[in-house]
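Consider the two complexes below, in which subunit A is the common component and subunit B and subunit C are the respective partners.
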Partner chain A sequence: MTSIGGFRWGETLARVVVIALLAFAIFGPLANLVLWAFAERWYFPHKFPQEIGFTYWARVFAPRGSALASLWTSVGIACLTVLVTLAVAIPAGYALARLKLPARTLILLVFLLPQAVPNLPVYVNIARVFYELRLNGTVTGVVLVHAAHGLVLAVWIASAAFAAVDASLEEAARNMGASAWRCWTTVTLPLALPGLIASAIFVFLESLDEFTGTYFVGVPDVTTMPLLMFNASMGGNYQIASITALLLLVPSIAFMLLVERFLKADVLAMIGR
Partner chain B sequence: MAQTPVAAPYLHADAVSVSYGATRVLDRVSLTVARGELVALLGSSGCGKTTLLRSIAGFVVPTEGRIVVDGRDITRLPPEARGTAMMFQSYALWPHMNVAANIGYGLRMRGKPRDEIAKRVGEMLRLLQLEGYGERTIGALSGGQKQRVALGRALAVDPSVLLLDEPMSNLDYRVRLELRHELRALQQRVGITAIYVTHDREEALTLADRIAVIDAGRIAQLGTPDEVFHRPVSPFVAGFMGADNAIDVVRSGDAWSWPASAGPGGARARAHFRADRARLAPPGTDGGRGTLAIDGTVGQRVYLGTQYRYRIHAGADDFWVEDAERREEGAPVRALVPPEALLVFPAAA
Partner chain C sequence: MNQRSWAGLALAAPALAIVVVFFAGPLAMSAILAFRGRDGGFTTAHFEKAFELYSTDLLFSAAIVVLSTAAIAVVAIAIAGYLTLGEHPRTQAILRWLYRWPLFIPFIVTAQVMRTFLAKNGMLNHVLIGGGLIDPLQAQSMLDWRGIVVAFVWKQAPFVTLLLAGAMAAIDRQHIEAARNLGAGRLRVLFEIVLPQARRTLMVGLVLSFVTMLSVLSVPMMINPNSPTMLTVDIAYRINSHGDYAVANALCLMSLALASVGAWFYVREAARKAERG
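Entry: the complex of A and B
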């Protein structure tokens, strides 16, 4: 494209500008978050905090602070959500990938449906039903809401992961004397595992971030990190909100790097097939 | 149909039919294989040869008929209870296991102790000249090595029948030639009963004790390579075995003559012959007693290395003849086919 010595200044400059704008759009708000997390005092005309320090961090990490408690609530709910989701997504994904279901595409679309309708009315109704079932304000209720939400992605990715396992590999196992179940545990599952782990990570992160459903079903008894963040920023407590937000970023970034390793091209190519 | 006498049948497919919906893929196919024999199922893609193999392996359940191996009816058994071992076209090696684990898998499923598995895997690696490859991952192997590992995996369990589904089709031509002889030598050394599915007639001819030519879900001919090659029972088998020149001839006296329309009104027939069994001569040459003479002109010329392959136009007929001499397009020639090279079938109704 560019010959030696024919360095195109215009093109390079344009690229630099575009990348810089993109970086600002992504990292600008994050920078503000970092500033707020360390600001002890920061009033209007000043462009930067007048005082910085760790006071609020100490408050968040205080042994009896509500922040740590809600962090563990969040992580606990996310783990349970992953278990519930995988318990459904693994058999469903396998069935969708292997068995010649006549309405395969239709079933996959049905799983998408909750995403298509507006969230709010769905959650309001769920809250009403859960209230009658005495599930409101319980961890079980919140886990169910999160699982319903995470199931879409989990089933799609799981079915792609199973579809990427060549059927002849399973036939070879059966042919070599493995029963249907041992074939599944020694060949199918290990080969689909990277994709399943990826879907588990997505569900975990979705659950960690979920706000609306938790708000309608969990409040006031179950307080997750996003709810704590919401309460803090509504109360004008930007420091606590920022620190919570930063804490939520850690697993997201860590897991995203992992997902990139687990989701291979052959699995991605099968999504939605 | 000429058939060599077969020793006590070890594997017996008895009138096996397979249908997918309304499509009948196999139509009452019967086949017997003696112990230690290698039978090739030869046919073009979609003829049902792989379906027959898969119904022996247990991946396809026949709609009718029985499959008996060593006196045991296995028709309804699940694949894992059959004791057959299949070598897949794609090899189907498990990428999450190393070479040794792939070869030892069948023994592991049979609950064999660890040291016995290790010993058997070692034997297999030696047999297949893969010593030192046990710890390799599947992805690090060449095509030929994968093929050997797949064979090792199948042989390790000492199967009742070895089923090979076009095992050479993914290999380079030269590797294929080499492995073909290796496979045959190995099969004879181990003395295993094998069924070999292929669409490659040369492969079937070199490897098999007997060949079953399959056409549209039926066995068109079953016989030794020599029988199938030299005495095909139908125009289809003749064409598939390389006698793909076909012209209409007519009976005149005790020989066949061409063109059929100019004959004295004797019986008409369709004659097949191989391109390399005919020769080209100047027009008017007398080929001798019984020789079929066809006058035509030279069409397309293809260089084969040792000789040329010519397309000959003769009236409404077109056929190929191989000849060492270089000829120009449009030149008049006479093609001579000796009587022993003619495979004559009754004219199609």
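Entry: the complex of A and C
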């Protein structure tokens, strides 16, 4: 008995240690960020900030501060990107999942392009073109760049969501005399809705967090939160950078906690098919 | 083509148009500009210059993304495997809650987080010193290639794990239970029953991560901006400091070549699946 008991204890201990290490690997860096956000003064080799306070928070949230303005710019751009992306991704996703498409694999691969190819070359050259079209430094330009990138996830997830809808339910509705449109709005769309919401969430987050494209296309007039954070951090202002980073974390973590409600395993299994 | 295929194409057309105009077009432009001399003729001079200046960074980029992708695969298989095959529900619940915190944290925030965590004055060093694992004098900044790899794995492993755990959950439990009843150990079930069935999803996740890491600008720029560094930093530098689009585009094509190695794996896998039907 004792040997079995000892074995169990050893296993439990190993489990606790592994989970504790993982927890430190995940929350340690985040805790460090929180400390910096409240640090007034912090030099090596002090373990904790010598002074903590809200001076930098006051500066970020000052009415004429640039942080609030860039927060609204970011949210506005993300909402517009979701609208543009979903308006074209829902029909495309439905067509890929349900209709006979010539060269279906090729079309899926084209949608993979922005994800399967490094984006930097695109941003570099699109910035040149936008400069001539006077789209550089405009919200429209940034939204278009974000939408082209967000389409990948949106189309693939929308297509998976439609593919996961049981076709026999649609046939039953049609057999009972529902029109194609009625069948789509009362059967197909509601069943695919969680997946579509998930794709909207992904597009929103991608746009909110996008840095490289905005860095090339948005300058000098469009300053989103990631750009503000980058400038602060490279300027050595870790407090402002950390506070901005914390603000960017809030929606990310909220959506992380919600995502499984919308993205069920059956939809996940259909992605890329 | 019949009416249904036309309808399908019409529905997909607007989305295709956006990708072609705002993505494929500029990409093609990159290929053209990389080979066009000042007189408009064909030249390989930009490539020669790019190789001369940045061949170390090319190798550095390749090594970083390969190493990170391998580490991501190990972490994702370990966590997703335990979530699928573990026999301790409470640990599984904690793990499921724990692993995905970095899932949607943007690269730029990850970069800032690691910039503070891995610095000489960072929490990692303080914990190692406090735990007696290293001497205060041994404390060193990890903001070099190690920092980039840590940031990439921290950010991308949860994404691949989420996809993989989803695919594993969709596998018929009877296969797993049958193998377990026949006396197969959990590791054997993972590598011989579960993983082969979820391999495609794992590949998709890894290829997407591989390519994403190749084009992330913020992480190398904020963690390790000095040479040797990743090609993305060099590209931004060529443009911002020299307005040198030609060499920048040559470097872009190099990172495309690296990415196409990843894409080749993916296409091969897709073709194999098509053969099987």
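Here is the rule we go by: the second predicted complex is superposed on the first by the 265 of 273 C-alpha atoms of A that agree within 3 Å, B and C clash if a C-alpha of one lies under 4 Å from a C-alpha of the other, contacts with A are read in each partner's own complex, and residues count from 1 in each chain.
Here is the rule we go by: a residue touches a chain if its C-beta (ideal position, glycine included) is under 8 Å from a C-beta of that chain, and two chains touch if they have at least 3 such contacts.
For clarity, every value in this text was computed on a predicted model and none was experimentally measured.
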(message) After the overlay on subunit A, what do you see for subunit B versus subunit C, clash or fit?
(response) fit
(request) After the superposition, just quote the angle formed at subunit A by subunit B and subunit C, using C-alpha centres and rounding to the nearest 10°. (result) 90
(request) Would you mind checking which one, subunit B or subunit C, touches more residues on subunit A? (result) C
(message) Between subunit B and subunit C, whom does A:25 touch in the aligned arrangement: first, second, both, or neither?
(response) second
(request) Please indicate which partner A:176 is in contact with in the superposed arrangement: first for subunit B, second for subunit C, both, or neither. (result) first
(message) For A:187, using the defined touch cut-off, is the partner it touches subunit B, subunit C, both, or neither? Pick first, second, both or neither.
(response) first
(request) Considering only touches as defined above, state whether A:248 meets subunit B (first), subunit C (second), both or neither. (result) second
(request) Classify the contacts of A:43 with the two partner chains as first (subunit B alone), second (subunit C alone), both, or neither. (result) second
(request) Identify the partner contact of A:168: answer first if only subunit B is touched, second if only subunit C is, both if each is, neither if none is. (result) first
(request) Determine, under the contact definition given at the top, whether A:55 touches first (subunit B), second (subunit C), both, or neither. (result) neither
(request) For the combined overlay, can you note the least CA distance between subunit B and subunit C, rounded to whole Å? (result) 12
(message) Help me check something: in the complex, which residues belonging to subunit C touch subunit A?
(response) 1-2, 4-5, 7-9, 11-12, 14-16, 18-20, 22-24, 26-27, 29-30, 33, 88, 91, 94-95, 98-109, 111-117, 120-124, 126-127, 130, 136, 139, 154, 162-163, 166-167, 169-170, 200-201, 204, 207-208, 211-212, 214-218, 222, 232, 235-236, 239, 245, 248-249, 252-253, 255-256, 259, 262-263, 266-267, 270, 274
(request) Please name which positions on subunit B make contact with subunit A in the complex. (result) 57-59, 78-80, 84-86, 88, 90, 92-96, 105-106, 109-110, 153, 157
(request) Can you check the complex and tell me which residues of subunit A touch subunit B? (result) 166, 168-169, 171-180, 182-183, 186-187, 190-191
(message) If we count contacts the way the header does, which residues on subunit A are in touch with subunit C in the complex?
(response) 15, 19, 22-33, 35-36, 42-47, 84, 87-89, 91-92, 94-96, 99-102, 105, 107, 109-111, 113-126, 128-129, 144-145, 147-149, 151, 155, 205, 208-209, 211-212, 215-216, 226, 229-230, 233-234, 238, 241-242, 245, 248-249, 252-253, 255-256, 259, 263, 265-266, 268-269, 271-272
